[in-house]
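Dropping the structures in below, format is structure tokens.
Two complexes come next, and they have one chain in common, subunit A, joined by subunit B in the first and subunit C in the second.
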Partner chain A sequence: MMNDKNSQKIVDIIQNYARLHSLFVLAYGTGCGAIEIPPTMTSRYDAERFGIRGAATPRQADVLLITGYLTTKTLKRVIRVYEQMQDPKYVIGFGSCTINGGMYWDSYNTIKVLDKYLPVDVYINGCMPRPEAVIAGFVKLQSLIREGKAEGAKLYKDNLEQYRENQKKVIPNWVMPEYNW
Partner chain B sequence: MEEIKSKIIERIKANFSDAKNKSYPGDRIDFSVNKETIPSILFYLKDEMGFKHLSHITCVDWLEENEFEVIFIIWSPLEKLKVFVRTRLDRDNPVMDNIDVIWRQAHTYEREMREMFGIQFNGLEAPQDFLLEDWEGMPPMRRDFDTEGYAAETFFERPGREDAKDVREILTERSGEIVPDFAKKYSR
Partner chain C sequence: MEPILYKVFGAVVTIILAFVVGMTYMGLSRKITARVQNRVGPPVYQNFLDALKLISKKTAIHHGIMQMMGPAFFMVTSIGSLMFIPVLNDGRFFSNLNFEGDLVFLLYLMVFGPLGMALGAGQTGNPNSAIGVTRGLSQMVGFEIPWVMALVALMIQYDTTSIVGLMEAQSASGTWLVFSSPFAFIAAVLAMLGMFRYSPFDIVGAPTELASGPVAENGGKYLFTMMSSNSIFAFVKLTLYVDLFLGGADNLIELLIKTFAIYLIPMLYGLVSPRYRTEQAVRYFWGWPLFFGFLAIMYAVVF
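And then the complex of A and B:
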């Protein structure tokens, strides 16, 4: 195996092996990218070959896809969803909108840099990425998990204050329960 | 069709003295009225003349004239004609009557206009927030709202796409294409 045995215990290796072959994706779409998910999941591209499949609720899911631009209104819901997900959890950002604002770079209500608000493990560029690119992104995420480098959730936990500060900057009326880690 | 059109125009002019008609080709009839007349003219068009369907309500910001123009587009399925009813509001105090008793769906458009342009509709019963959440300050669709400034101030920016900011100037540099003045004036 490719693992660096010094940094990963045998338990981690087994755990990561199990995790990377069953990525349950939360069925939640924002922006234009949600339309790329059905072809990715169905017979033509068949993402289930990689162990990628849908999950109905945040608590059952491992992967949160941010499929495009996020308005500040949606961001509030997405943060809520992300915090409800159980460890291990990963975030994939789709498209240029999540990376640098894309064509909504001067919009009054969409955020531009997603990783200031949520810890993003993998970005897939494109406007919108095609299913091949989406699968390539998932494979990248799997290799990060295998190497034990997909540490988004830990990053979020450690820098919670920083993230909260950024989130509250765009969500003035913060009426959400504080998450109990 | 022209016959029916002129008949409709005549009838409206006889009933509403302030209605000004501007002629357009095709299936379009256009009236400008005072804002006080709006409920009665729409009611008349709907009940007496068969313009049963409200297609759209929209708003134009005439910043230079310090006015908002609210436009109601209604459609007659019988005659296959559409009527534009326009009215002008003072931009400093944009208040008009709410017409959701005539068409229930006007409610949605009115809420949107209230939020995006700050037009107040008398008697509109709906929560303030519609598409935006906790918005404060100038309504974002007004032309003097500085969208780019607001976005730069509120959201983070990833370094590396600074040239996107003056794409018009960059285009001028590259191709010699002249940017029209109106595009420059209110876009910053």
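And then the complex of A and C:
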């Protein structure tokens, strides 16, 4: 008779294998970084050979790709989109703007550090990161999923109050549905 | 072995075969699309990985009971119509609930799945889904007419409404129906372009326009159910075409070659075509396909 823990481990390995080879990406193209997504997906760099493909809606997506700066207005939409995605879900912060504000470091209406508001699994730095860098970021996410370390969604669930506090600090008119898993 | 157990076992084997073949064809179509666009493309088994990922999603939200029923309807229709299709000519092993008049029954059954999906999409309340459903139903009005006319022509010509009857007529006369009633074949193939929903007739899903249409609110296991029933349904349609027009198949290799040859028609036509608008698609089906449908019926009545 097999040990429950061991059988769960085998199931996890199989499921993680499927997850890392089939990433449906919802590219939230608010900033200028969205222009690097078409070359990543099309003939020259062909991200589909890694199993990465675009998803049309948040319900079908696994990865939320936040390309570039986020204004306080779009942050609300991004949070809404993130909460509509189904578990397990991952966030990739794309470009320097999601790390420390980048060239918008002193702007009055963009957020500087994305990780305060949403749990980011992988950052891709650069302004702009080239398609090679984007694919390298996806490969990094794949290795994190393989090791079982891409636990952003769990982090968000556990620290929801803290994230909500940060989010409500920059979004004054908070009219949002409750996060239900 | 008990005959009923034998039949149940045959049905399960048929479903597994249809699932595997359908999924592999979808993966091959992604690979061929990639090669045409000068890309490497995903591996052939990519769709199985997608399916496994979708089924191992931890959560799947739903907006009501009808959204759960929609994919189930589609699955039931796909498997139900699979049960009426003779997979191989001798039909020894694979399940076949054949009866006199099953072609007419199949015409009804094949429409039922999209209707169930339409009900499921209506519950989600997503406007993209509603638009996708109305587009799908208008497109169905388009391609069903030449498709039914082609089948009616076959029924008149060979005086039978059973698929097995038509297959026996082919083996008795020694020629495939594609040669003995060519106009029906042309009408049916043109209708098939709409049935498979590749571009230019991908107005239902319409990526980048409708955000995948009726399946917009479905993730996780709902999407898995739709994906797998879609591939089973693709196998059903391809096997039906092979049975009706290409004389069926004596073994599995022959079946795979013939079905893939048929499958290449909508796929390769889609690769070089941009998307139609809804009224353009309906007008397309009521043009030449309808003409060939009329021609097929006249040919059947006169000869």
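Heads up, the rule we're going with is that the second predicted complex is superposed on the first by the 172 of 181 C-alpha atoms of A that agree within 3 Å, B and C clash if a C-alpha of one lies under 4 Å from a C-alpha of the other, contacts with A are read in each partner's own complex, and residues count from 1 in each chain.
Everything that follows uses one rule, which is that a contact is a pair of C-beta atoms (placed from the backbone, for glycine too) under 8 Å apart; a residue touches a chain by one contact, two chains touch by 3 or more.
Worth saying up front: this structure is predicted, and the values here are computed from it rather than measured.
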Partner chain(s) touched by A:Asn173 [first = subunit B, second = subunit C, both, neither]: first
Touched partner set for A:Gln86, first subunit B, second subunit C, both or neither: second
First, second, both or neither for A:Val113, with subunit B first and subunit C second: first
First (subunit B), second (subunit C), both or neither touched by A:Asn159: neither
Contacts of A:Trp105 with subunit B and subunit C, given as first, second, both or neither: first
A:Glu48 touches, of subunit B and subunit C: first, second, both or neither? second
First, second, both or neither for A:Gln15, with subunit B first and subunit C second: second
Those residues of subunit A which subunit B touches in one complex and subunit C touches in the other: none
Sites on subunit A touched by subunit C in the complex: 14-15, 17-19, 21-22, 42-43, 46, 48-49, 51, 53-54, 56-57, 59-62, 85-88, 180-181
Subunit A residues within the subunit B interface of the complex: 72-73, 76, 99-101, 105-113, 116, 166, 169-173
Touching residues (chain side subunit C, partner subunit A) in the complex: 30, 34, 37-43, 46, 49-50, 52-53, 56-61, 128, 207-208, 211-212, 215-220, 223
Complex contacts: residues of subunit B adjacent to subunit A: 131-134, 136, 140, 145, 147-148, 150-152, 154-158, 160-161, 164
